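These notes open a run of structures that come right after.
Shared chain: chain A. Partners: chain B in the first complex, chain C in the second.
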Partner chain A sequence: MTSSTPSITITPAGSTAAHPAPTISLSVTPVPPVPPRYKKPNYHVLHALPLPLTTTPLPPLIPHNPLSLLHIIVAYLFPGTNSHPSPLHVGIFHASTHAIHVTSQDTIKAFWNHGFFGKGSLSRSEPTWVIRRRRALGVIGLDEALTSEEVTERRRGERKEFKRERARAERERREKQLVEEGKIVKEADGDEGEAAAVVVKSITFAAVEPPSSRRKSLERPAVEVEDLEHLQLTLEEAFFLAFGLGVLEIKDSKTDEKIPQKDLLSLFRSHSYFPPHTSGLQPDDPFMLNYVVYHHFRSLGWVVKPGIKFAVDYLLYNRGPVFTHAEFAVLILPAYSHPHWDSDSLRKEGREKKPWHWLHCVNRVSSQVKKTLILVYVEIPPPPAVECANVSKILSRYKVREVALRRWLVSRNRD
Partner chain B sequence: MSAPPPTDHSSPHLLDLLQTVHKNLLHQADWSSLEIHTSPSYPRPLITGLPPDPVYIDPDSASDYSADDRDALERKQQEWVLPVALREKWTLRKWAEVFDSLPEGFWGLNKEGVEKGKRLLLAVVSEDSTIVHYIVHDGIVKPRQN
Partner chain C sequence: MASQWGVVEPFIIYLVEGRYFLYDANVVSHVREMHRMCGCLTGTLPQIPQQNVFLGLPLELMTEEAALLVEKGAGYVVDDVKSHERGLKAMMEADKQAFLAAREAESVREMQVLLKAAEERKKAYKTPKASSLKDGDDGGEDGEAEDASEEMEEEPSSATVFDPDTKPKNSRNSQDISSTALRYYPVPSTSMPLYHKPLPPPPLSSLAPVPSKTSYPLYKHLHANSYFLSPGLRFGCQFMAYPGDPLRFHSHFVVTGMGWDEEIEMRDIVGGGRLGTGVKKAWMIGGEDKDKPGTVRTFCVEWGGF
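This part shows the complex of A and B:
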């Protein structure tokens, strides 16, 4: 940092210069060491693609140039680049976690960077466990490539320190007040000792040293850290990538063989129960309900993430979690309006009806974290509708209705 | 609807759940001295371990000690962890059974010299590998002062 150093040249007093050196008393405040800045990645470039697909726009149509039409036709019929990766991305279905694990780094990057699919199994969202591990072992620097978990941890640490300091100051102030009022008599030596300790504490400076030299002097152990983390896709995410987009091929963890597309739906439906159901799949399986809603919002361009931490089913991000906080919280509710369910009191009474205080609870939690609650009603078709093998046909039988909810306060909305 | 099979302490799906929580505590939450308990004396597989920071501070001891002492006091406390799945149907009976199987006097004495009540950490595993933890006490405890 050169901007804060005073731009006055002072010749040293003991120099051999003919002119007597002017005596200037100058108090220079020590320049605090500037921590090395590591640039954040440019998220707008990194996450430019909304889905893990490559799209190429058609050439423009120029009305007075008939050749441009020919150009469009050629580009349409013989696309230069394939929109889908070849070979397809591979995920492994694990019955132990009821999820799909992805370990290939290329696939993890493709799914996370383009559409924010999945979650690192040992991280908060993006798989960053290996970075934190390497930092703990001293392989990378203290401030190099900070992960979101570490940023939060530092902020909390600072906050804790501040609170501790504030409590200490408060206690001292109270004691001083009491001493002044003569209510308590403090031992003189103890008081002095504490005061001295405070003084010593306040003049401790960090060594001024350019960060580059410090980094060089620190010998880094060359340890190879094995990455124990995988990207975990929920059943809904995996089904969307496999069926909806067709970019994912799912293999079974036990046989290591590809699971055919037609078997995926029933496999995922049976694993949406804990423990998994082997028979008796219903049109209102947790998987069917979730997938219908997941597909609905994904196809409208939202980034959909599980919302268990906020007591809801899904969170909707406008572009992705790295850009903004989730604006909406989605709660899935099955609706049994079809005449088939009229006699089914277990569903009509037990699953459809919810008490008012339940709604109030969920809404309070959502508004606390500044999210608008959206109730998504999924119309459940009768069982025969989901018996056929055509997945698109099954999904077309479900209908989705949304209701956005906000608490309205009379006194705050008077004008 | 088919009835779910009876939950046994050694069912494979419960052991899978145990593995998931164990791996998470070891590698993400930095717990130490982790131990797995799968003996038939427990209704479900359980984990004990030492958290890096105290997970619960007794409000009785909190008022007596300064912040640093308090941390040191609670640091050595082992915790019991109960892995459950988000999609599983949970009942009060299951909780009571787990509490009954936990050893007495594991959490030391309080200020009055009476044994502290039992407590455990409920680790709720969701499909996207998020684990949500809740502290559960066997009975009513004094509320924490904010």
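This part shows the complex of A and C:
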């Protein structure tokens, strides 16, 4: 807004043929040009890597050039770049939050941009607190580097405004029609004077700043905002990064020492209960169930995010949350079909069986948000005779089955 | 106590295959008006059998509804199949004959009424004709004999076989056919008068499917607070709670019963909140205090993100 004086716009309602335009308008503000839509960053470039690993393709094999084979052998045996970062990314395990905190900016960027791991502790998803804070302090402009929270907020505001405007137009149209049909008499008649006929439609006051603050806003404050946000990884995400990919090193928050990988699984399993169990880990620990499913879908190339807000266990994104909405909602159900569990009525009756109305509830909620519900049955193996430390061996005993479920209505699903 | 529907309490709630049914339309109306229970119509309409949007009798009661009716002493449960068999076996030959005779008499009476109506229609159709023609036709004879049509039927038909005039014979023939065709035996909607004559002693506390311990106290609590409750399975809950008759009101709550110390997953709270708020209702959970039976506490959850 360029004009510094308060401006009042008074627009006459109805036709101006009978009542000439009034002359009370002090200064008419020009219609502000439609603000250019904020251009998004190029997500295809930003999130090109699906995982926080760097891979280099082998040189091409040219059949009539035997030297190309040599190239391939050399590139295979002595890769130029390491696929894993060195030193490894570091996360800190906090028993109080049952999460792994990542504070290094490089690690946060690597984990978020390449695979969408974790969540900002002060943000809805991507750690953007510092951008919003800097905007609030005036360090960056109003339309600079919009975060997804702000984009959503703006879009909701626009929609609200649009709906209000539409309702107003509808009301006016109805009133006009009623007047034309003679069903209601317009309150302001012509003989009452012209001033009365002028209906003040909208008055817009431009934002007024005191001179001192205006001067200040011209040169931007040079305060540097300290980033107080960290990235939170769930136990499953952290274990996938540490065990599945091997790019994360996890330290304990109390001792600040590295937790060896062989202790990681039992630590996370015991912390998947609340309060944490110290002994007696079962094959159907919440962590085991979740991790088996998480690993299953991650290894098939899906971006897996927690789905608590849609009352499911996981949401499956095709490429990532910045590209599309999640298409599938995953619900984890333990299956105790192994004969070992036959006599265990607590598990057979208590955990395996769910009431019908519960399923209808979950299914309705996920179809409300246009997601296909996938029931993932995890076959629980019997407890091992000897506790083995090999994680791959433990995981290989689990089996996963998927069932897609959709509400189907005769009248609505005709096409 | 008899209501305007002529229903005397306790009435029979029929139990078939673990489900409770009411067959009598009067009982259905009575239950809806006096006990605020709507149940669920489950029968196909005989006129339009190829649809399931509108259903008719019998009315299926929820287990909780049946349990509460029995508890109040308004009804008692009768196993339909067993009592049917027992009634058939216990029925004397004399009872059977009496019933058949009564049914026959009723059928004859109805037939006479219909015949009379048909004759009257015929007469009304013929009168202007007869008055205009006046040629001494057999029609006049028929008119005289209309009251005695019943006796004429009993007469042996041999008397008319040699009748040279074919016209009256034809008409009589058609009358014979119509008189048998008009005979019909109404099928009662309940088998009560025949088989359930010797009523078993009420109140039988033999509820075959007992309502669940988590949902029944909550049902009773809401019912006592003058809510109408209908089954909510397809809406993802146990009951839908209406503040009045469901024909007049939208439901306010989607209700699920819980045990007092039952653990609820966070995920299910979110789901319930979304379920209710998505359709502008509130998700209600509640349960009975296990230390103080009869005390029910309820909680509503709404999703704030909408």
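Keep this in mind: the second predicted complex is superposed on the first by the 311 of 415 C-alpha atoms of A that agree within 3 Å, B and C clash if a C-alpha of one lies under 4 Å from a C-alpha of the other, contacts with A are read in each partner's own complex, and residues count from 1 in each chain.
Here is the rule we go by: contacts are C-beta pairs under 8 Å (C-beta built on N, C-alpha and C of every residue); 3 or more make two chains touch, one makes a residue touch a chain.
No experiment lies behind these values; they were computed from the predicted model shown.
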*More chain A residues touched by chain B or by chain C?*
B
*asked:* By the touch definition at the top of the document, which applies to A:A326: first (chain B), second (chain C), both, or neither?
replied: neither
*So, A:P286: does it touch chain B (first), chain C (second), both, or neither?*
first
*Quick one: classify A:I131 as touching chain B (first), chain C (second), both or neither.*
neither
*Which partner does A:K309 reach: the first (chain B), the second (chain C), both, or neither?*
both
*Look at A:A238 in the shared chain and tell me whether it touches chain B only, chain C only, both, or neither; answer first, second, both or neither.*
neither
*First (chain B), second (chain C), both or neither: which does A:V362 touch?*
second
*Which holds for A:L373: it touches chain B only (first), chain C only (second), both, or neither?*
neither
*Those residues of chain A which chain B touches in one complex and chain C touches in the other*: 308-309
*Considering the complex alone, what residue numbers of chain B touch chain A?*
1-2, 4-5, 11, 13, 16, 19-20, 23-24, 27-28, 67, 85-88, 124, 126-130, 132
*Spell out the residues on chain A that touch chain B in their complex, using ranges where they run on.*
95-99, 118-123, 129, 164, 167, 228-229, 232-235, 237, 272-280, 282, 286, 305-306, 308-309
*Given the complex with chain A, which residues does chain C contribute to the contact?*
232-238, 256, 266-268, 270-272, 274-275, 278, 305
*asked:* Quick check: in the complex, which residue numbers of chain A touch chain C?
replied: 308-313, 356-358, 360-365, 368
